[in-house]
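One chain, chain A, links the two complexes that follow: it is found with chain B in the first and with chain C in the second.
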Partner chain A sequence: RVSSDGKPPKFQPPPKPVIIDRKTQKEERRFLSPEFIPPRGRTDPLKYYIERKDMIQRRKVFNIPEFYVGHVLAVTTADPHARDKSNRFVGICIQRGGKGLGATFVLRNVIEDQGIEICYELYSPRIQAIEVLKLEKRLDENLMYLRDALPEYSTFDVNMRPVPRMDHEEIPVNKLQVRMKPKPWSKRWERPKYNIKGIKFDLPEHQMKAAQKWSQPWLEFDMLREYDTSKIEEKIRKELSEELEK
Partner chain B sequence: MRLSVAAAISHGRVYRRLGLSPRSRLDLLRNLVTALVRHERIETPWARADEMRGYAERLIDYAKRGDKDERAMRMADFWLTEKDLIHKLFKVLAPRFQPHPGSYTRMLQIPNRDGLDRAKMAVIELKGNPLPPLVRPRRDSDKTLLNQLLKGYRQDAQRAAAA
Partner chain C sequence: MMPIWTKSGEKHAVTLLKVQDCHVLRYVPKEESGGKSAKLLVGGKNVSPFSKPESAHEIFKEAGVPRKQKVTTFNVTEDALIKPGTPLYAAHFRPGQFVDVTGKTIGKGFQGVVKRWGFKGQPASHGQTKTHRRPGAISTNKAAKVYRGKKMPGKMGNIYRTSFGLKVWRINTKHDIIYVNGSVPGHTNCLVKVRDSKLPTYKDCNKNPPFPTFFADGDEELPEDLFDEEIFQFTDPSVTLT
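Right, the complex of A and B next:
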């Protein structure tokens, strides 16, 4: 270091550390419930706007948690014929359907060797509580094949404790490959139309090859079938965040 | 008496049925898109031009993403059967349409085909092509009332300026 004219050298402060705030970066992952996204069609957007207002009104009063297909939920509904006037059902969510106020989700469980599926409406006033017991996504969006899978894959303990979740991001994906009962199944799940990744097919090779006969490889390139929801989602997210803050 | 409605109504169907099968329909449209990219102006039956328009515009939207994009390259590879046109799509057409947000094609109806079928024909062209324009913009005739009044106003102004 060059000494400056006999005076003591100027104090050089150490370089400031660069702080990468991981928390603010990770909050960018936001969840928009799929029933808010309007389907493609020629209906007036006013209809969806009015429905969204009603959905937001319900969400202000009752908390609908974020969940995906593959989560294990416990739903308490009001039941006039039960002793406590309420009815609790635990099950794995196999499908989320419908848009707007009629959005539904189907829970499946096997109780005393009987498979039970109940389709609940998210915005029904009969629902008193929804708790997410286990958070995990599966490889598919639709787990209807659990009907033809061995019953052990659909059984969940009715008195299951909620599994604690540490971080507020990164929902784990369970890459479980489910084993099936012998054929016949309710649907031919090996066909490429269903595009199921979560089954361990023990079928012989010639059956798998015969199933590929129904594949439609041109569908992937059919550009007009794609529905780009990014801009619509942004608008709806903004609307939601404004309304829920009020 | 007929108790059920004859099922000749296609509620909400968006895609026309062309060719022999869905695969054949896509192949037909693919040939037309390739021809459009090569010649930039083609004459086809109106229904085929209408179907092809959507696919051509989406293809240009994909091309605007750039040729580094894996998906864009796969789409261009499928839709353009002549592979030298892929270069033209990414290097000529994408920069040409970069400033425009949409509607890169123009479709106009043409007198019916001369053959036996008298099909409704259309010409579809990419905007900004180097060919002579299809529609020449004509100025309004001088004999219309508004033009006569404007002419009179111009003459009055010239006389006032001269005086």
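Right, the complex of A and C next:
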């Protein structure tokens, strides 16, 4: 290099490496309640827009916490037949169904050896409070098989204290494999149609193999069943965040 | 269809009906029309004018309005006449009113007697030969004929039917939507005709209707949503029973 004054050129330290932490960026979890996503159909989108306005209005007044299937919730509803006119039920969320204002969730618990499932509507004005007691996702999105599992897996203490949450980031996934009562079950859970990963099947090999006869491996490649909700979800998330900040 | 809750916590199912580009097309006086009262022709949803000949556009040209998909008649008294060309809005109806809705039912095609008329059919086993959903006997021996109107297989659906006495729960003036109790004949996005109820129990239910209709350029400023008194509005806190 040609030096300016005859002295050796000034030492240029090498550029510092820029570390882009891709992991923390991707884990920016934004939860969108599944009842906001409109189903595929020929209805006018105006209907879903109006329904969403009502849902947002209700959420502004009453806090509906973020929860998934497998969480343990306590719900207080107004009950005309109870003494205090209110009723508190604790249970594990088995399934979340319905779209729009009619969205429901089913809570299951075993009280005094009697299994009880109650289906609540998220937007019903009778619900006075929803508390999340235990945050924990399971391996499946539908825990209906708990009806045929041993009752210990569905019992939850009615006076359970809310488990304190460590991080505000991750929701732990419980990889519990549930043990079942002897067959017959209400549904043939070993069949591939239900795609259940959370059961420890103690069935003999030939029964598991026979269940695979009902598998439909072409279903995952069926293009007509594809429903890409990413763009719709983005729009709805934007709308939600704008409205809830007002 | 949507759920709606009352202040006591009961749920009712509600159908949303949108009033899309409705205009009054023509006034037919009592003497010209064959009936007992004057008629007003009203047209619904706008549609392209190119699929019909010019002769079919006369009514719309007189009223100064684009071609409508459906034209219906309403029997009107002399004091409720409206000038042709005025637009009609959802605010013509008010919450708490009762309404009849007419529409063409969903077409089911050629259907057998069990689905069409609710016949019981025959048992599945115990010796039945090729007879499980058939009508069985169609008349008696003495009659020696089949009566007119005998229930038999045929085309089912795709005919006009009316649901009577449906309550109007809510009206959205911004998007012109009427929330009507219960279900309504027809598939989603089909055209229906909404009339004031003719049932005798609901004769005096509408206290102060906008008469002859709701005019958008008038002095009245309506809020975006009109609710019935019993509806639970989502701005209120949760229901507590006493």
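By definition in this document, the second predicted complex is superposed on the first by the 219 of 246 C-alpha atoms of A that agree within 3 Å, B and C clash if a C-alpha of one lies under 4 Å from a C-alpha of the other, contacts with A are read in each partner's own complex, and residues count from 1 in each chain.
Keep this in mind: a contact is a pair of C-beta atoms (placed from the backbone, for glycine too) under 8 Å apart; a residue touches a chain by one contact, two chains touch by 3 or more.
This one's a predicted model, so the numbers in the text were calculated from it and none came from an experiment.
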Chain A residues touched - chain C or chain B, whichever exceeds: C
Touching partner for A:F221 - first (chain B), second (chain C), both, neither: first
Which of chain B and chain C A:T43 touches, first, second, both or neither: second
First (chain B), second (chain C), both or neither touched by A:K134: neither
Chain B versus chain C as contact partner of A:P80, first or second or both or neither: second
Chain B and chain C contact sites that coincide on chain A, given as residue numbers: 41-42
List of chain B residues in touch with chain A within their complex: 12, 14-15, 22-23, 26, 54-55, 58-59, 62, 74-75, 78-79
Sites on chain A touched by chain B in the complex: 41-42, 216, 218, 221-224
Chain C-touching residues of chain A, taken from the complex the two chains share: 41-44, 46-47, 50-51, 54, 57-58, 61-62, 78-80, 85-86, 100-102, 121, 123-128
Chain C residues touching chain A - in the complex, by the definition given at the top: 2-3, 5, 9, 11, 16, 18, 172, 175, 177, 188-189, 232, 234-242
